[in-house]
Structure formats: structure tokens, C-alpha cells
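Okay, structure first, notes after.
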Amino acid sequence: MLKGLSKAGLGDVGDLMNFVQLTSKYKFEAIDIDGSSLIEMISSIGLERAKQFFQDHNVQIATFGLSVEWRKSEEEFIKGIKQLVLDAEAASALGCNSCTTYILPSTDYNAAQFMALATRRLRTCAQILGSYGIKLGLEFVGPHHLRTMWENPFIWTMEQTLDFIDAIGEKNVGLLVDAYHCYTTGVNYKDLTKLDVNQIVHVHINDAKAVPIEEVLDNDRLYPGEGVIDLVGFLQALKEIGYVGPVSQEVLTQQVLPESTELLLEKSAQAYATLYRAAGIE
Amino acid sequence: MLKGLSKAGLGDVGDLMNFVQLTSKYKFEAIDIDGSSLIEMISSIGLERAKQFFQDHNVQIATFGLSVEWRKSEEEFIKGIKQLVLDAEAASALGCNSCTTYILPSTDYNAAQFMALATRRLRTCAQILGSYGIKLGLEFVGPHHLRTMWENPFIWTMEQTLDFIDAIGEKNVGLLVDAYHCYTTGVNYKDLTKLDVNQIVHVHINDAKAVPIEEVLDNDRLYPGEGVIDLVGFLQALKEIGYVGPVSQEVLTQQVLPESTELLLEKSAQAYATLYRAAGIE
Amino acid sequence: MLKGLSKAGLGDVGDLMNFVQLTSKYKFEAIDIDGSSLIEMISSIGLERAKQFFQDHNVQIATFGLSVEWRKSEEEFIKGIKQLVLDAEAASALGCNSCTTYILPSTDYNAAQFMALATRRLRTCAQILGSYGIKLGLEFVGPHHLRTMWENPFIWTMEQTLDFIDAIGEKNVGLLVDAYHCYTTGVNYKDLTKLDVNQIVHVHINDAKAVPIEEVLDNDRLYPGEGVIDLVGFLQALKEIGYVGPVSQEVLTQQVLPESTELLLEKSAQAYATLYRAAGIE
Amino acid sequence: MLKGLSKAGLGDVGDLMNFVQLTSKYKFEAIDIDGSSLIEMISSIGLERAKQFFQDHNVQIATFGLSVEWRKSEEEFIKGIKQLVLDAEAASALGCNSCTTYILPSTDYNAAQFMALATRRLRTCAQILGSYGIKLGLEFVGPHHLRTMWENPFIWTMEQTLDFIDAIGEKNVGLLVDAYHCYTTGVNYKDLTKLDVNQIVHVHINDAKAVPIEEVLDNDRLYPGEGVIDLVGFLQALKEIGYVGPVSQEVLTQQVLPESTELLLEKSAQAYATLYRAAGIE
């Protein structure tokens, strides 16, 4: 499994090229990034040099975020399609075949109707991504406080998300499995090993504070290894089913952390090394 | 538009052949029926004689009800697929190209997850029906009391149902438009004329008592023309967009009506004649 | 039915705005155009003024040509997706909901494999177009000489094209029915009236020289009314099934015609008037 | 990988229960069978006893043949859907999640149109199978003499079959990879290792006579290990990409072989043991 980074919780990592250099310096192998940064980099130094830059630093693009606004009005949705195509073209040119988005666990819309709309809209996104050979990963979001943040409960479990994926019905749609959301929804080792590896598009790891699960906040995450989640078991389950893709940390925090970016990266690199070793991952 | 009958509210119409004879006697031209009755008739008198019988009586099969249980467990759903195929084969052999089901406006399941499941299941049904050249019509159900009969609100408006149809994503899925449900959800003449005629799979007419709309009960319907619904406007809207298919009455009542079946049919035939004339339908 | 023009056979019609003015001057109501011209017009005078310009001239955009290269390499196909999205966005902003492409009746590829590739590629195009509410019309191409122009026979009949559309399997895909191709493939009045009107995305009319059908050349067309095709019957069949969309002329010729553009437009306007009158079209 | 048997080339293996007993006796672990035999067994001894019987003999159902006639008229195709559902229900009840069919490399139909028809028909089959959790495997057929047996060339390579699968567009459709057809179409070790394991639904092994590849006949196969195909390399490639499903022999021969069924099974069991050992498969 590739060690991956997102920008979350790292402080100021600079522009994309700087972020890649930092990623490389601390022996991470992949990044989660937005499509706009990729487009900007290509337009700034050209596609060939951009490819070379990633290659020289031994860094891959793990995934890019779905920029389309599929949670609001039809008008906003349609407006976003062009950007999706631009993102997909740039990402695919740079060898990335994964795009991801998260599902908020409540909504101000009628939940059933919103599921119908979301199914059709994400199908359209998946179809467009599919034409570039890109998969779409859906991230279920577990923290309990978000389940009542908007008027109506939507979905937040892995099983519901798999039903959502079936409703979408496109072969390039799968899960983004995040350890934080597994923890807050009670997904255990055994649940994970029941997955077929090709149902997984991307993986996130984070850690949680030692508070009752119902009180775990979405934007109050710890660095891997600093909290109470059994990340070794999590990684072992993924290993057992043959997952070899990227595992990116995404440490959403309420305030910018006081440590320097480089210190945080060093800490994280050590945590990954420890976890991978404990999980028997080369 | 073809004048159609369902068995609802007619008392005992006997077996299918008797029902067809009664339908014919009162100059109705189409019936809503279940697939099992069709299979039974074919197995009893043979396909060719069954076809001839319908033809001799100038009666068509407007639609058959979807027998698959798509609202409960996955196991029950899968068990019903075989019967669906048998129904579809029989119906299609008898020249029927329409199957319909209704959507209850509330559910004990998580509404969003149930929409995901329902989308996938009705897609499967639509695909199977499609292989026999049969359309699937979804009936939104308007009465307010049903919106809280089960734990979570589901969907009940025409617009939501069109979103559901889009989520299913199969080209042979459309609406069953029922005047009673249009009345109880506020669908007016103008809303109906915005539809493309090929979005309509089937039409029901009924009438409603003069009580506040919020108090209209699903199983307390009146014969067409006896209540407060503007059925002439309803039919005119359908005419305006070019609908020429069947319009079946479906008079769900709390008790069996005291009148004889033949009296009820005569009353209904006169009501249809009056309505069609007023709506300018030949 | 709207009287429509394509640029073919009209000589130099100038830029898009000039073409719209000419279209309007001769009482035509719709144009077939490429997406790039629409994008250019919007970027030149702005979307609102562009919409106003079309409205002021009482001209609609009947259809825009599919710019994606779906007949060659996968690489070329994918490269074209971005332009398709730009075209679709521009067209839909200007109220156009139709995109069309033609099917060459022979191919240098293995015909079966090419059908598989074309099915998948046009499905992708249809899905993208569908997200903008745009239909995709496929034009079968009849002239016999093209059936052997490339190594392997592909498809050229209406029935084959309907099978192709079924293989694509998207609900927004239908036919572009061209009188010239109906003539050269023997599609008669009765065949046309068997279509459901929503299977037709767009219509072309042209006329053919009085030579044996096998010798009719694709780029040797006559103006409507000048040749041997029964265009009145063609239009009557379309009228009978309820077609009310655009009917565009597309007069492909081997040389630029000697008459001036305005003379050609006047001739065509008269021909349309005569044909429409004879076919009983208002 | 499971050692599997089909009935081909084994002489008279008796009824299904007898075949299972023989399979078990020679330590094979899976069988390729037709759905009708499964239905018959269930109707004869009941589902629970049937399941127990397979379990007691440590034999799985590797795959059942697609009984629908998708290569001829539309009427025949539709007639077969009912049987497909019955087959799928029986197979799925017995724990089988794979159905397979072969693609003849030439056809009397227009090849492109037939591809369109086949795409739509196999999509319908895949959708029905999918509702039972069953995959559909397509077997490309390599022997050269079959490429000209019917009027028009169809498809016979793995790459073409993958394009066909993409055209069908359902997520439960993949390849049946047969060593004989790989040999006769030049699919090598490297080609196989480029596959994603979830693209493979089933695997066949057979061996070929030492004649020029162009002269290899479809129904003149040898037992694994008796011919010239590099089956060790074939199995190693499958192992490399993580294939762990059944590998069934299917020895089509021109005459019934002179050896007894048990002798043939013993020979085959030894051949499998040798091959698996050589390929490093436990």
C-alpha cells in the first residue's frame, strides 16, 4: 500500500510542486489533490515536465476531489460538469485514475428525493470519469454530530453506501474507506474483509480521541497512531483482501496545528512506518 | 383514450373471462389486471383462444400489476423475479405492454437507503420487462394520511417521482398518473401539460369527496364524476399532450359498495361518456 | 415542422450571425450548426445578446454536429470529450437540445469490433449530452457507393440503426431521418409511420437525381423538389406520427453551385412552401 | 485455483449426481454444468439435500451454460428468458455465481448489426443474472477454421471480447479464458497478466495437437498436458494476477474417446496435479 498525504492538518504546504517535494522528502508516495492544482501545474510547466516532476519525486496522484457540486441545485450541478472534464483530463494525463467525494450524513432536502437526484448526478459524473479510465470513490462519513446537522438523516454506513453504489449502477464506482468513518460507524475488521478489493477506490487513515464514539467530531482528528482507532487491524484487513493502493492521511483539525509542517510530516512518516510494520505491510 | 376498468370498487366481477365480458358489455375497452389471472387464463384455454377472446370482446389489457415485492427484504425481492418473468411473458403474449406499481409515501426504512434499494430493484424489474417490450409505470400516491403511516417520509409528488424515474435510468420507465393523487398533491392542468406524452405509461381516474384535501383518504374514493376533482380538466390536459392510451377507474372503497356490479358499471359507463364528451375526447 | 437550413450547398453564408440573418430573411426557422460557431458567438457578444439575437430573428438552433471523433483511435476519441462538453454547454445555453452525427456505411476496422467500440463511445457521448438535456441523433447513410468505400460493410439501414440505438441503450438517443438516405435504402412511407415520434431527433430533406438508386451519390444532391424523391409523402409520414421538430435541408454537392446564396435561399424557401402545402403542414 | 471438470471428452458420466461423485472421487473440486440438470436435481431430491450433496462431495458448481439463444432470431431470444431465470434461480440457490457462453467467430448475419443485437441481448441476460448475484463470462473462440465457417467474420480475440464487454456495459460481465483459444489467437503470458483478475469469470484448460496453429480444430482437443500448449505458463499468469477460481477442462473431441471415463479422470487428475505443481499452485 502506498503511503499517501492530503493537505489536511499539515499547515501550509505551499503550491503543488512544493507539496510534492515535501511528500517525497518524507518518503510518502502519493497525494490527494484537487483537479485545479493539476491543471494549473500543467498550464504552468507543461504536461511532459509535470509528469517528469512527479516521476522524479516518486510521487503519484492518489486521487483528486470531485469538484462538481452534486448536493445542491440542478443548475449548480450542470455548471460543474465542464470543470469535471477539465479535472479528469488533467488527472488522467498525469496517470491518476481515481476521483473521490464524500457523502454528508444529513441533508436539508427530502432524503429520498435527494438520494434519487444524487444517484442520477453521480452516475453522470461516473460516466464522464469512466471515459477517462477514472474511478469514482464515495466516502461515507460517520461522526454522529453530522447526522443531525441538517434536517433529514441521509446515509452514513458502509452498507448504505454500497446500496448507493448499486443504485448508481456504474462499474467504476466504489468506496473511499476512511478509518475514522469506519470507527464512528462500527465497521470492524470482519466487515472490511468481506469487501472485494475492487470495491475500494481509495483509503484514508486518521485517528480519534478517546471520547465516547457518539462525541467524536469530524474536524477533531488526530494523526495516525495518536488515538484509539485500531489502525493496525484496519490495515491488516485491507491487506488480507489484497488492497495495494494508496492510504492517505486526512487529519481535519479545528485549528491549525502549532507544529511546523516538516515536524508534522516527520511525525506522520514515523507513524506510518510503525503501523505498516505492525500490520505486516512491506 | 381507451376507457378502462380495474376491479376495484366493482364488487364481484367473477373470473377474468367474466370480467372481460362485463367490460365489453358496458363498452369499456381495457382492463387493469394481475399477471396471475393472465397466466391462469392461458393455461386454462390456451394462448390462441385467450387472444381471440380479448379480441372478440374488443377489450385490451391496459396494464398488469408488478408482482415483485420491491418494498421489503432483498430475499423477497429476488424470490419474486421468476413470477415477474412469467407475468411478463403472459402479458406480452396477450399484447399488453404496460406493467405498473405504486409508491407508498412513507416507509419504515431509512428513506435514503430505501430509495437506493428501490432504484436498483425497479431498474432490474424494468430491464426484465423491457426485454419483453413492456413499460413500467410508477404511481405516486398522494393522500396525506399515508405520508405518516410509516416512520419516515418517502416521496409522493410527481416531480419526486420523475426524479426517481431518472435515478432508475431505464428508458421504459414512466408515470402512472392518477387523478386522485394529482388532486391530493396539487398537480394541476398546467403541470400535466408540461409532461411529454411518452413519460406517461398509464392513467387512472377516480373522484374525491368534498373534504379538506388533507383529509382525503386513499381508500375512500368516489366514482368518476361524483366528487370534486376536475376530471374534465385532467382529461383535457392529457388530450392536449397527445395521450391516447387507457384511462382506468380504480375506485378503492372502505366497504363493498351496496350497488350491484352491473349497476356500478352502468353508472361508470355514463360518467365516462359524460366526461369524455366534456373533455372533447372522441 | 420548422423549416431548417444547414450551410451545405448554400455557398458562402458568412459567419454565424450572418447565417442567422439570411435564415431569418427567407423565413427559415432553424439552423444546423457546429458547436464551435456557437462558442465563438457567445465569446464574441456574450450569452445574453446571443440568445436575444436568435430570438430577434426567430431562428432556433435545430442541432449541432457531434465534434467527437468516434470513428478512429481511442486516443482521438478521448481527446474530443472536452470539446463535446464545451459544445454542449454552449448549445444548451442557447436552447438547443439536439446533437447529431452520421454513420458511415463501411469501415476499415473489423465491423463487429467497431460496432462494439462505437456503441461504447456513443454511449459516453449520449451520457454527457444527456446531462445537458440534449438528445443524440444518429443518421444512417444510404448511398450505395459508400458501402464499399472502406474495407468492411458496416450498417446503413434504419432497422440496423435502431438496433445500434438499442445497443447504446441510453434514452436520449434516436434517429436523424434524412430523406436522401431513406430513398437510397428503400425506407418508405409505411416504414416511417411505424416509428414512434420520440425516436426521431432530427430530420433532413434533400432531393436525388433521376439515376438508378444504386448510382445515387452522397455528394450529388439536389434541392428539395428538384429531384425524384417523394418528399411530400416523406413529410406526410412524419406529420402522421406527430413530428413537429425541424426539417433541415442539407444539399451536399460536388462543386459550389453557380447561383448566389440569396438566390439559392429563395429557391429553397419556395420549395419548402410548396412541399409543406402539399403535405398539409401548417 | 479449483480443479474443475466439464462433461466434454469424459464419455458417459451419468446423471448429475453421478458426475458429482466421479468429480469428487478424483479430487476435482468444481464442475461446469447446464442449468437444466440443476433444476432437475433440485426437483428430484429437494434444494436442501442437493446443497448437502454438493457439500458432502466437496464439489462446487463452477459455472452453468447460458441457455438463452442469443445468436438467432429475436423471437427465440425472448423465448429463452424464462429458462434463464429458472436456471439462475437454481444455480444461485446452489451457490453458483457464474454463467458462461461462447462467441462464434463468424456469423451469417451482417457482423456489425449482429454485434449491436448481441450487445443488447447479452446485456439483458447480464442484468437478469446480476439480480441473482451471478456473473456472465464470455468465451472468445480461436480456431481459425471457425472464422470462415459462416459468411462474415465476427470477433475472436481477447481484445475484441473486452471491447464487446465494454459495449455491454454491465459490471457483472467478464471473460471466460480458455487456454485453447488463447493458444489459437496468440494470447501470451504477458497479455494475460495485463488483465485485472476481476475481469475473469471462468477458466478452461485443454491441450492442442502439434499441428500448425492455423490447422488446430475446435473439436480436436487433447487432455491437459498431452499437447503443445504452455499450460504451466498459462496457469502461472493467472496465479500472478491473483486468480483463485475454477479451472475446468473441456476436452471437445471428434469421437468418443476409447478409454473408460474413470481412466480418463485418473489421467486428467494426474495431469492437473503435475501442472499445478509446476505452476506453483497449491
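The first chain written gets the first letter, and so on, giving A, B, C and D; residue counts start at 1 in each chain.
One rule holds for everything that comes next: a residue touches a chain if its C-beta (ideal position, glycine included) is under 8 Å from a C-beta of that chain, and two chains touch if they have at least 3 such contacts.
In this text the structure is predicted, and so the values were computed from the model without any measurement.
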Target chain C, source chain A, minimum contact steps: 1
With touch defined as above, tell me whether chain C and chain D contact each other through largely the same residue numbers, more than half shared, or through different ones. same
Between chain C and chain D, the Cα-mean centres are separated in Å by 45
Rounded to a whole Å, what is the gap between the Cα centroids of chain A and chain D? 39
Per-residue multi-chain contacts in chain C, two or more chains: 169
Chain D partner contacts - residues on chain B that touch it in the complex: 78, 81-82, 85-86, 89, 124, 127-128, 130-132
Within their complex, chain D touches chain C through residues 107, 110-117, 119-120, 123, 152-155, 160, 163-164, 166-167, 169
Residue ranges of chain B touching chain C (in the complex, touch as defined): 169-171, 196, 198, 242
